[in-house]
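Both complexes shown next keep subunit A, but they swap its partner, so subunit B is in the first and subunit C is in the second.
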Partner chain A sequence: MQIDFQHVNFSYNLKTIFRVDALKDVNLAIDTNEVTAIVGKTGSGKSTLTQLINKLLTPSDGAVKIDQFINTPKKRAHRKQLQALRSEIGFLFQFPENQLFADTVLKDVEFGIRNFHPKDQDYEKKAKAALKLVGLDESFYERSPFDLSGGEKKRVAIAGVLAYQPKVLILDEPTAGLDEMSKRELMELFKKIHQEGVGIILVTHDMDIVLKYASKVVVMDDGEIKKIGSPQAILQNEVEPYHLATPNVYHFAHQLIAQGKKIDLNRVKDVTTLVEEIKRHG
Partner chain B sequence: MKPIIKLENVTYSYRPSVEVLKHINLTINPGEDIAIIGHNGSGKSTLGKLIISLLKPRSGRLLFNGIEINHKNDNLIRAKTGIVFQNPDNQFVGVSVADDIAFGLENQCVPHEKMEEIIKTYAEKVGVLDLLNKAPENLSGGQKQRVALAGILAMLPDLIVFDEALAMLDPKGKQEISELINAIKQEHPRLTIIRITHDLDEAFHSQRVIVLDYGEIVLDDTPAKVFQEEATLKRLGLKTPFIVELNNALMKAGLIKEHEYQPHKLVEKLCK
Partner chain C sequence: MDKRILGKYVPYDTVIHRLDPRLKIMAMIMLMVSIFLSYGSWTMMFTLSGINLVVIVALMFISKVRIRDLIWQLKSLYILIILLMIINIFLPPAHSVHIIGKIGNLNIYAESFLQTGKIIIRLMEMLAVAMILTSSTTPQQLTQGFSWFTRPLKKIKFPSEEIAMTISLALRFIPTLLEETERLYKAQSSRGVDFKHGSLMMKIKGITSLIVPLFVASFAMSDDLAFALEARGYNPRGTRTNYRELHWSTKDTICLILVTLFMTGFITLTAMKFDFIKLIFPLVW
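After this line comes the complex of A and B, so read on.
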């Protein structure tokens, strides 16, 4: 799927004294065959940008084209079109509390399927399968999604998006609040889903994840896109001005290079590839 | 030294017959800097809330500065402790950011003429000075977390629980706020800090690390000792810090024969 931002401006509270210009003339083409990571400092506009893709927000000016659909202030969308768009673009909110609503975990996860695919009789089975994918067993089915730990809530929210099998997943800080093991398992799960043809757009502050999983990185600052490139190109250069960090493996590799060791950073993505690269040069 | 917090054989359950904390014994001295780690659902947030008496033990007891806390006298501990919640939305009470920071100060009966100055000072320290007039719900995730931090830090309580309070900050912001907390701690050595976190590097820099597993304390020691317990950490679903993981991979590839956890020494070894 192709997503195109064309001269997009977005302001909160546009015609009031509380106006905030959150996006300024954003132009961006996202090909969902790539895993796109959106990074940048606090308040730079990442969550705002992603919410334009499934029309949770409408641009103040300009247009976002999502395949056949156009999100622009000039054109009102019909309920049906909107429903179709949202069934294809799954959205995970930054805080799971903004997503959960039903009185049981199972109903919460079933909701997306029943809402977007009302003819699907397999909703219960699919919801249970999604919960299993995120590591929640049957003891969670009848519990309230609000009476859970932070990481458990996050998993229910993720299961709720996976369950109705959207074509694109927009994940706003999917690993925040997860323990290390789950973090890894879930990223591997997203990678697998992507290989099966689902688009992934990721907002994250975790540069180790960006390096390992993204194929394209969009750097935002103060409502503008400052850089677009491969994770290697972005993270091998100066990251400080954008409040990013150098991934651990690069940090260590830089020290080896400074001592005269040959390392091709473009081959380094994680600990395994770093060690392979050290070995390759003897 | 008299402990600031003592939990004696504390058990907690939200639902009948499901104990989420089991027989917790824990002594915390004034000025300690403690990290609590553990898998999702292991009981970290629950323990944090019990420590400051937001939740009451089902059995066992909580002593604050040697005094047993119950429903009648929990204002004693309420006035002297604070928590930054995992989700900052649970923190906000004011209609504006300034109001919100003021709320805690009002509870402490800080005189009004002093209040404005304190609010400004702490808003500036956490970098939200330009947001004072905004409604907390209209902020970005990271901005919310900063505001929640300002509200608690401004009160300067004797003990603060940070429940994943830095999780939504950008990498630079994370570092800045960590440094700010350390600076405040330097200035007020008796301030007791409890950091609940999934960030093992953050835990690595505290003085004491407590590891929870299904409601029980399984490790309680210095970070150096705790992070040597690789097998245990792995079993609990916790990653080993980067340098440990790298060592293991290098050993496996036959590139080093012994562990070397000092990065610069490891670099030297590999460059020989």
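After this line comes the complex of A and C, so read on.
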């Protein structure tokens, strides 16, 4: 799927004194065959950018093309088109566990399928498959989502999005508030989903994750796109001006380089690849 | 989503914004009293309502409250207007004389429509007055003003400061909850809830998917808040000072005198049964 931003401007509370310009003339092409990471400090317009993709927001000016669908202020979308768009683009909000509401886990996961495809008879099967994918077994089906732990709630919410089999997943800080172990498990899950052909757009502050999983990075600041490129190319340079941190593995590699080791940073993605790189140079 | 919230504080710098909240509260009460004082014959009532309206519109201009917002509010009151119409047609006000039509055996009186108009005008005027107050005064100032009025009641152990604290906490949560609602609205829309179209069943389900998480979130938030207050040593019985003290100036005294004069004049007019239209067009009525 191809997503094109063409001269997109977006302002909150347009025509009032509370006006905030969140995006300024954004031009961007996203190919969902690769994992795109959108990074930048808080308030730089990352969330606004992603919310334009499934028309939760409509641009103040310009157009966002999502395959056949065009999100622009000039054209009103039909209800069916909009539902079709949203069923293809799964949106996982930050702290998705807060949106659970049904009385059982299974019902909550089925919710999306039954909204988008009311005639689908296989909803239960799909919901169970999605729960299995996120690692929750049968014992969870009839439990109340409010009795679960934070991590389990998050998994249920993710299953709720995966259940209607979107073609693209937008992840808004999926690892916020998780411990290191759960972070890794979750990112491995998304990697697996991506390998099955689901496009991923990732918004995050964690540069280690960006370096390891993303193939393209979009750096935003103050509503504008400052840099686009591969994670290696962007993170090797100075990133502090955009309130980003150099990944830990790069800090380590820099120290090794300072001691005279030969390391090609373009090949380093995480600790494993760093070790390989050290071995390669003997 | 339409983010227009009726009577939300708008930070302009007008004369009305700078007045003391205590004065504004008193003025609001007096204006509301005069709105309800407009009675008597129809012509007299509408004259008095008209005077009120002129004053209120002038105040709206000064405080930069958008009249458009008020008219927009009228649109959402259409069910009430229709209901009032029906009630007034079937139960016409006392001493109705002007028959303008008939449905079967039922006489339709002109007074029914006048009565509906009267109620709507009063309601809109009241809304406007409240809007002027809340959009020119911060919630903090308002609570401070209200708690000043209840201060004498402390002698009879009325928990005036506790109530002020509760009100200011409640007010503080309104924007947070609105933000949370919007976040949930977006989250559930991207899960396929169609809040605008769809069947009634679908809408009810959609609203459930907003309300349940909202309740859960607000309980969690209030828990956190209670802990945060306790961790910082909050004592509900303690006497507190304010960061911004209320300051009564000459300007406020002048305004108080003006408003009082206005209300006294209004009472006099009502008592005198002043009928402006009858005075000018004695033949028409």
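Convention: the second predicted complex is superposed on the first by the 266 of 282 C-alpha atoms of A that agree within 3 Å, B and C clash if a C-alpha of one lies under 4 Å from a C-alpha of the other, contacts with A are read in each partner's own complex, and residues count from 1 in each chain.
Here is the rule we use: contacts are C-beta pairs under 8 Å (C-beta built on N, C-alpha and C of every residue); 3 or more make two chains touch, one makes a residue touch a chain.
Everything numeric here is computed off the predicted structure, so don't read it as measured data.
Peer 1: What does the overlay on subunit A give for subunit B and subunit C, a clash or a fit?
Peer 2: clash
Peer 1: Who does A:A176 touch here: subunit B (first), subunit C (second), both, or neither?
Peer 2: In the superposed model, A:A176 contacts subunit B only, not subunit C.
Peer 1: Considering only touches as defined above, state whether A:G260 meets subunit B (first), subunit C (second), both or neither.
Peer 2: first
Peer 1: May I ask you to decide whether A:T50 touches subunit B, subunit C, both, or neither, giving the answer as first, second, both or neither?
Peer 2: So A:T50 meets neither subunit B nor subunit C here.
Peer 1: Return the chain, subunit B or subunit C, that is in touch with more residues of subunit A.
Peer 2: Counted on subunit A, the partner with more touching residues turns out to be B.
Peer 1: Determine, under the contact definition given at the top, whether A:G160 touches first (subunit B), second (subunit C), both, or neither.
Peer 2: After superposition on chain A, A:G160 lies in contact with subunit C alone.
Peer 1: With both complexes superposed on chain A, which partner does A:F111 reach: first (subunit B), second (subunit C), both or neither?
Peer 2: In the superposition, A:F111 contacts subunit C only.
Peer 1: Answer with first, second, both or neither: which of subunit B and subunit C does A:H243 touch in the superposed model?
Peer 2: It touches subunit B, and subunit C stays clear.
Peer 1: Go through the superposed model and pick first if A:V275 touches only subunit B, second if only subunit C, both, or neither.
Peer 2: A:V275: touches subunit B, not subunit C.
Peer 1: Give one of first, second, both or neither to describe whether A:S87 is in contact with subunit B, with subunit C, with both, or with none.
Peer 2: second
Peer 1: Going by the clash criterion at the top, which of the stretches 42-50, 60-68 or 78-86 from subunit B hits subunit C after superposition?
Peer 2: It is 78-86; the other listed stretches have no clashes.
Peer 1: Where on subunit A do the contacts with subunit B and the contacts with subunit C coincide?
Peer 2: Touching subunit B in the first complex and subunit C in the second, residues 13 of subunit A appear in both lists.
Peer 1: Touching subunit C in the complex: which residues of subunit A?
Peer 2: Touch residues, subunit A against subunit C: 13, 17, 51, 54, 56, 79, 83, 86-87, 89-91, 93, 96, 98-101, 111-112, 115-116, 146, 160-161, 164.
Peer 1: If you look only at subunit B, which of its residues touch subunit A in the complex?
Peer 2: For this pair, the touching residues of subunit B are 14, 38-41, 44-45, 86-87, 89, 134, 138-143, 146, 164, 167-174, 198, 200, 237-239, 242, 245-246, 249-250, 252-253, 255, 263-264, 267-268, 270-271.
Peer 1: Once bound in the complex, which stretches of subunit A touch subunit B?
Peer 2: Counting only subunit A, the residues touching subunit B are 12-13, 18, 20, 40-43, 47, 94-95, 97, 147-152, 155, 173, 176-184, 205, 207, 240, 243-245, 248-249, 252, 255-256, 259-261, 271-272, 274-276, 278-279.
Peer 1: Would you mind writing out the residues of subunit C in touch with subunit A in their complex?
Peer 2: 3, 10-11, 183-184, 186-194, 196-197, 202, 208-209, 212-213, 216-217
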